[in-house]
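Should a chain be cited, it is by its letter among A, B, C and D, assigned in written order, with residues numbered from 1 in that chain.
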């Protein structure tokens, strides 16, 4: 049986392999009431070699972070619409401003985080109930359509990755004009391959903003960062690239 | 085409977590005039042609059997709306 | 106490998965008169006291900002209902 | 909206203790509240006067079967008595608290418990199942632990009965809807279809949590002057349905408003409650804590007070209400979800309130701990309850219900499957056997369960090392060391019907085996005893036998019962369900990286069958498929289970096996197919030596459900060492085949070759066929 790296060892290995300077990059992970995957996102940041900083939705200042992950979960129970209430959190307006500013704060929205980003109009379109109406948890194959964003640069264009998908309201919709524009501008970041798990328009799994600093997707890269705790295909670590991408970009940018 | 609107609400004595979340959020957005919120469902059934009494009766029956769960919900309204 | 009812529906051009499931189920239960179904949301906001114009305006604003997402939904109705 | 009970209390003409003393002859609705004459008389005797309406409410709910275990208590004692010092070694908290706590080492502790939510799940499957998850998770929080996973053993009616889809869709969606929203991975469960559960499905829920030793919290109220606080959701009229007869407690004509027939869960509120409680524990801000479940405030106040060192005084008008028309008795009985009660020292009040405010959780201070030894509850200052809390919480009635071996038991046991009408035309030709294997793995109870499990989040938390379809769920506890726990739940109602004593032991044996198969060392047991009416001597005998069997078997296996739940009156009319003792076993893995999955992967590895096979088809899934239930269940051999467990654990620890799958329902046929389908890797199997050694025919070898068996895949390099270990331990082991990665098929000598694609299609089609 293959040896599985432990969290502690993997972090040490990242350090040993010269990734130490990345530890300087501070990636904020926002917790809303009802967030679920915040600790997982923080672990992914650590495993990628960065420093995870927890951010609280009610904070009115954005702590000194170099990037932000808005994690998955059911913020405010998803009761009204997924992301609808969280969007109005004090910290969200800071994040929106920073993402749109010249500094172009990198922001990754995963699942509920993606829904919050669309509700905040940082990303176009919206999510409605899965076409089959059920919660669905599965290992999902995605194609990386755009590897020039802050969060995808460590992938090859067209690379297929497998990461978990798990949601009830994951059907991405936007009007035809918006969809055409997204395609034309290369802002479709990920597409479902083989099976469209929720009826999303044009098999879209994730998109980015025009500048490429804001990325949102429904599947969960933070659940595919450690062998033995993610999908069984490959090493189960196909999601790690999201976090190393932003860390490398940040370090590259700082140099 | 005419539509029949069916409104379904959780029974008043039943906890409505959705309404509760909304009523908590409203004041944070400056909407301070509402003391309670309940969230229900609205169905619009399209009828091809005229809404006869028989069709309206069907809608009422569908409302009670399929569109609502009588254990926890009430059908509060069934009405015809002309398009 | 008076309530303000807010009705929100998915925009007509968006396929509604819940409505689709219902329209598929209706004929199996013998309800054959409906050619389409759409499911939306109904909110009941309770007002303590009288519904002034200002309060109604607040409800309209809440409907447009919080209770609906204008990218995919329309507020189809805001009205006062006396209890 | 703040509804102060104070504002409306004037409309109740409250029945005070003073009033009760003055009006001894007032008629009280004790019968409507479910008390028997002797029980009511006992209440009067304990109090030395008639109870007030509020006191009557408390005694009636706390002395109910559900809260007092009055029919089972005398039998359940065996779980506490049949324990050796060795078994107690790792038990940090035993039976009696909200959930037992087991020491995992390195300063870690684990707590787990299984409970039922059967009848609510029949009335309203979604909400019933959802609130079942909610309730068990609160038990875990109240021990001071962070909940880390859930499981859901389910039993529904016949798969093709028109009502089964309603229950299936609702319950599965409810378990997912609640558990997924809490961020708790679902790591396993069961799904059994049987017509006996048609009018009475079983929805059991298990939760497991972990904590550091110093974080263990108990439900007791100590320290005079410490404050009592209720927090979380508001109190509504939930779960007091028929008890509205209590309106008479107010001796008032104003009719109470309608009370909910069903409780709706609010998983978001519970998720916030989890985080907020963990923050309280981290800051050591609570002295004692108790979740509110059945019997609500009655239970929380009386248990906290009686487990503490003094008494308690609370003012009921301080309770935040969702429904302002609730009477004091109803408030005491309300089972509204997502609430907790805690005891806080005066110094910590401000810090406690800061945590509540941070998470926007509502709370209200109800009163304080006293040194009077009494539980005093006031309503706007007037005393409406004045009791010794022990008499409410612990001194309820206990019954020695009559029981006797049912008159039909002998004839059922005499009716063996072998040679029965249903056994006619037993498959034997290669094509028939292939068809039989396919039929078995497509059958309702043996088919693929992913229709269910794909509605559950298995990834959240990032610590799930195994879940469906492996034998046990495995969660990592410590990210640094890889320390983790494995859990499995099992029950076989058919075996237990045939022989309750051994049937219960078989449930334990299977759960134990599943845990050991994953490589974990079994440590502790929790059980949910689902039975019919204890007033039926036949059922009472089943219950008594099952408890005796289970407690005896725990002794032999050396693992203690740390908690559980009894669910009685599971029947339709006078027809009880099969006795269904669902047993959960928890095990420990020093490093979850060493866990063993249930399927083979590597071409050429040797496949060994551990254990021996006898002709044991009574009660089997095969006999079920043929519509037969009779005879005696497979023989229990706990020494063999223990030996098998040790082999599987050592083999995992020393890297001698790459895959292991235990044999249970469906026998070897099911295990071979499941191990092949796990990773889509086939095998070539030859059973001639087995037939010869054990003296059985091929059909029996494939379908018998003999216990203490497992199938393992051994790397070539480890074969000698593995065989030596089995030999040294004197455990039967036989090489029955090799892994065949290229063929895409399962080849069994004497059985027509089965393609994995066809097997998978048959295995996976069943649930979607019935449930969409």
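In this text, a residue touches a chain if its C-beta (ideal position, glycine included) is under 8 Å from a C-beta of that chain, and two chains touch if they have at least 3 such contacts.
This one's a predicted model, so the numbers in the text were calculated from it and none came from an experiment.
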Chain pair, A-B or B-D, that carries the greater number of C-beta contacts: B-D
Whole-Å gap between the CA centroids of chain A and chain D: 36
Distance between the centres, which are taken as Cα means, of chain C and chain B, whole angstrom: 8
Sites on chain B at which at least two other chains make contact: 17, 21-22, 25, 29, 35-36, 39
Per-residue overlap in chain A, given as positions that touch at least 2 other chains: 76-77, 79-80, 85, 88
Multi-partner residues of chain D (each touching 2 or more other chains): 1, 266-269, 360
Graph class of chain-chain contacts, one of line, ring, star, complete, other: other
Pairs of chains satisfying the touch condition: A-B, A-C, A-D, B-C, B-D
Contact set on chain A toward chain D in their complex: 1, 3-4, 6-8, 33-34, 36-37, 39-40, 43, 58, 73-74, 76-79, 134-138, 164, 166, 168, 220, 222-223, 225-226, 228-230, 232
Residues of chain D defined as touching chain A within the complex: 173, 176-177, 180-183, 266-269, 271-272, 275, 358-360, 453-465, 476, 479-482, 592-594, 596, 655, 658, 679
Residue numbers on chain A that touch chain B, as the complex places them: 76-77, 79-80, 85, 88
Chain B to chain D touching residues, read off their complex: 10-17, 20-21, 23-24, 35-36, 69, 71-72
Touching residues (chain side chain B, partner chain A) in the complex: 17-18, 21-22, 25, 28-29, 39
